Amino acid sequence: MPLGGIIFLALFILAFGVFLIFLARKIGGRKPGPAVKFEAYECGITGVAKKDTKISVKFYLTAILFILFDIEIIFMYPWAVTYRDFIASGQGAFVLSAMFIFLAVFIFGLFWEIKSRALEWD
Amino acid sequence: MGKDTLEIAINGLKLVLIFLMMVQAVPILVWLERRGSAFIQNRFGPNRVGPLGLLQLLADAVKFLTKEDFYPRTAVKTLFYLAPVFALIPATLAFCAIPMSTPIQVAAFDAFGSSWGPYVFKIQGFDISVGIVYILGMSSLAAYTILMAGWGSGSKYSLLGALRASAQTISYELALGLSIVGVILLYGTFDLTSMIQAQEGALHFQMMGQTVTSQFLPNWGFFYQPLGAVLFFAATFAESNRLPFDLAEGEAELVAGFHTEYGGFKMLMFFIGEYGHMMVASGLFAAFYLGGYALPIPSWNPAAVLHWSTELLGSKESGSVLAAIIHFLSFNIKFGLLLWIFIWVRWTLPRFRYDQLMDLGWKTMLPWSLANAMITAVGVYLASVAMV
Amino acid sequence: MQSTSFLTEIGLSHYLVLSALLFVMGVATVLLRRNLIVILMGVELMLNAVNISFIAFSKYNDRVEGQLMVFFVMTIAAAEAAVGLAIAVSIFKRFKEVNIRFFEHLKG
Amino acid sequence: MADVIVFWFLALVTVGSGLAVVLLPNPIYCALCLAMTMVGVSALFVTLGAYFIAGVQLIVYAGAVLVLFTMVLMLFDLKSETNAFSRGVITGAIKVACAGVLSGLIAGAIVMTLGQRSSVVSPLAEKSAIDSTKALGKLLFQENVFAFEALGVLLLVIAVGTVSLARSKGGTHAKH
């Protein structure tokens, strides 16, 4: 496993990117302007304070459901990679049915989420 | 990384070269995208600077470099500046794990008073035997870039764009991960090179002890996993935030999504990240479903090409170099075609609405990729059991 | 001579000490911080520290069970984080507050 | 030699970013530093030969759980806390002392066991990544099938539970 290479490349890109940003800062500079120039973009009107930005709770609900389903998918990976070995040793039917029971739970969960309208965006 | 100093140095240089290759491919793709979109929409596109507008790339780079360095008053400067740098890392690290050609062999030689080699250099950044898991892990880190940029800008548009983009990315990661299960079941490995080797030769289906062989078609994964391939490709569009799934930067609603406040080189880095994800997706698709670097004719498999080039050039080493060049070109043709499809789709399909996007991800693609994995499992079982 | 071998020969003890350090950092996060979500992060840090020692023992005893245990721990940890954050978000929606000191004065 | 440098580098990264989690007052920086720790831990798993687990660590922890943490923190939009740490000299001192005693106990336990064992245990035969993954899969699906199915049910329960929690209006603790 070329861990050293991965770390080397990550650090190289980090250095490269930081260097480029500094270069662009040096060349581009930062010119003064009226105070409104340094406001965050707000369609041309004067910005108001950022308090109470209402963000739908759906975003985090999606993220939670993503975690749970992601783990179920991760469980399928070692299964998929050993599946042919199990078939060769005659345990294919057992492992297949074990996974199908697991998937039945998964599918039940997915349909429950759909039916309970947890995934509706309006 | 290597046995001795020379090998380590060459492998390190190779990584830097792959990174620079990705970086310099981006202006070319941008040019291709602008000219291609102009062609599709029956207009001219950039055609003033240089022949066919090719020098536009250079002009753009100069423009990006000389732009004023701007950050809004409300920005969190650390995150604002770090986000574009981090945008480069996951895509590049993931791309380095994709095999691009057959290895080059170097014979032993004497230099600097000691003997070196023999070496085998792979045309691949890192040879990772759990390649798929590594690539998925690396590309799942891309969500941080988006969140850092969105929150660091201190702008409402950026924050909303970032939340949308990350919710979309993670939703489609499920369909992506599940469609890959079919591929893993098919080849029984995580290693991309073994997958490509499994796709050599002529197409043959095994079912209940019968084998049907087609001499004309290559043994590509696409013929075993058509549904999986379509789902995988669609999910990668959403992963790389490309139209028709570029809700994060729907201009009419969110100005430019999470990079609203970015300009100049910082925005260029986000671009490199986005195109990097497209390249990872295209490279993975080629490796999973289109035989990777192998030529599309069954009898011209990598071993045969290596044999032919060795006969032609007389030595094993120069033969391996020629074979590597041939396979590299073959990989790049597939790679380029897939990237062109990314561009083509962008200028053909309209954008989805956000609820449609989420519905498609959770209620259509997730169940279908689940069905694909189950069908593949049953198919592999039936094909193997009757064989025994 | 002792010090160089400590630096150049990485053994089981190195991983265990690293794991212990991370675990203590997790404990310190849970004890010292007042933000509900940062406390949950401290719990994750502790679980990760334990995972390191599981994997280290698994490697140095040449048994795969340690890896399997880590797989299970990760699953449970992710589930715990999901539930913890769901509770944190519903608390935040109700009280607009994530500082645990605030909840000392609640009555059931 | 390269392995040694990699280990010390990773130890530095994990411990450094772990300390940042404890000490930084801004919770968003805490979450990002924790993500860095997770990536470092994943790389440590690679040095220990657990390749698949390292990938899972990257996908599940760094790619999912901490993205959720970061998203929730942005949802709350907490800039920086005025008082991030517990107040009170006595309670604070007790807590720091607790952490110190715990670290001392753990370090002592490790040192004492090391004295009994023969210095450094040598790692056994190096396995290829795919073999160790296959061994993991076989163990999971032959001897631990029940645990696997139980985890499936657990995940289902949690999926249902979190959706109900997210919808709840706050239970009996109504705010007046």
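A few comments on the model shown:
Lettered A, B, C and D in written order, each chain numbered from 1.
Criterion: contacts are C-beta pairs under 8 Å (C-beta built on N, C-alpha and C of every residue); 3 or more make two chains touch, one makes a residue touch a chain.
Only a predicted model underlies this, so the values are computations on that prediction, with no experimental measurement involved.
Should one ask which of A-D and A-B has more C-beta pairs in contact, the pair is A-B. The geometric centre of chain A is 17 Å away from that of chain B, both derived from CA atoms.
Taking the mean of the C-alpha atoms as each chain's centre, chain B and chain D sit 30 Å apart. One finds 34 Å separating the Cα centroids of chain B and chain C.
Touching of two or more other chains is recorded for residues 1, 128-129, 133, 159, 163, 166-167, 170, 173, 189-190 of chain B. Residue numbers of chain D whose C-beta contacts span two or more other chains: 2, 51-52, 56-57, 59-60, 63-65, 67-68, 71-72, 74-75, 129-130, 133, 136, 140, 151, 155, 158, 162, 166. Among the residues of chain C, those in touch with two or more other chains are 74-75, 78-79, 81-82, 85-86, 89, 93. The full set of touching chain pairs reads A-B, A-C, A-D, B-D, C-D. Taken in their complex, chain A has these residues touching chain D: 1, 3-4, 6-7, 50, 53, 55, 57, 59-61, 63-72, 74-75, 77-79, 81-82, 85-86, 91, 95, 98, 101-102, 105-106, 108-109, 112-113, 116, 118. Of all the residues in chain A, the ones that touch chain B in their complex are 1-2, 4-6, 8-10, 12-14, 16-18, 20-21, 23-25, 27-31, 35, 38-43, 47, 50, 53, 55, 58-59, 62-63, 66, 69-70, 73-74, 76-77, 80-81, 83-85, 87-88, 92-93, 96, 99-100, 103, 106-107, 110, 113-114, 119-122. Within the complex formed with chain A, the chain C residues making contact are 74-75, 78-79, 81-82, 85-86, 89, 93.
Listing the residues of chain D that touch chain B in their complex gives 2, 28, 32, 35, 39, 42, 51-52, 55-59, 62-64, 67, 70-71, 74-75, 128-130, 133.
Interface of chain B with chain D (complex): residues 1, 79, 128-130, 133-134, 136-138, 140-141, 143-144, 147-148, 150-151, 159, 162-163, 166-167, 170, 173, 189-191.
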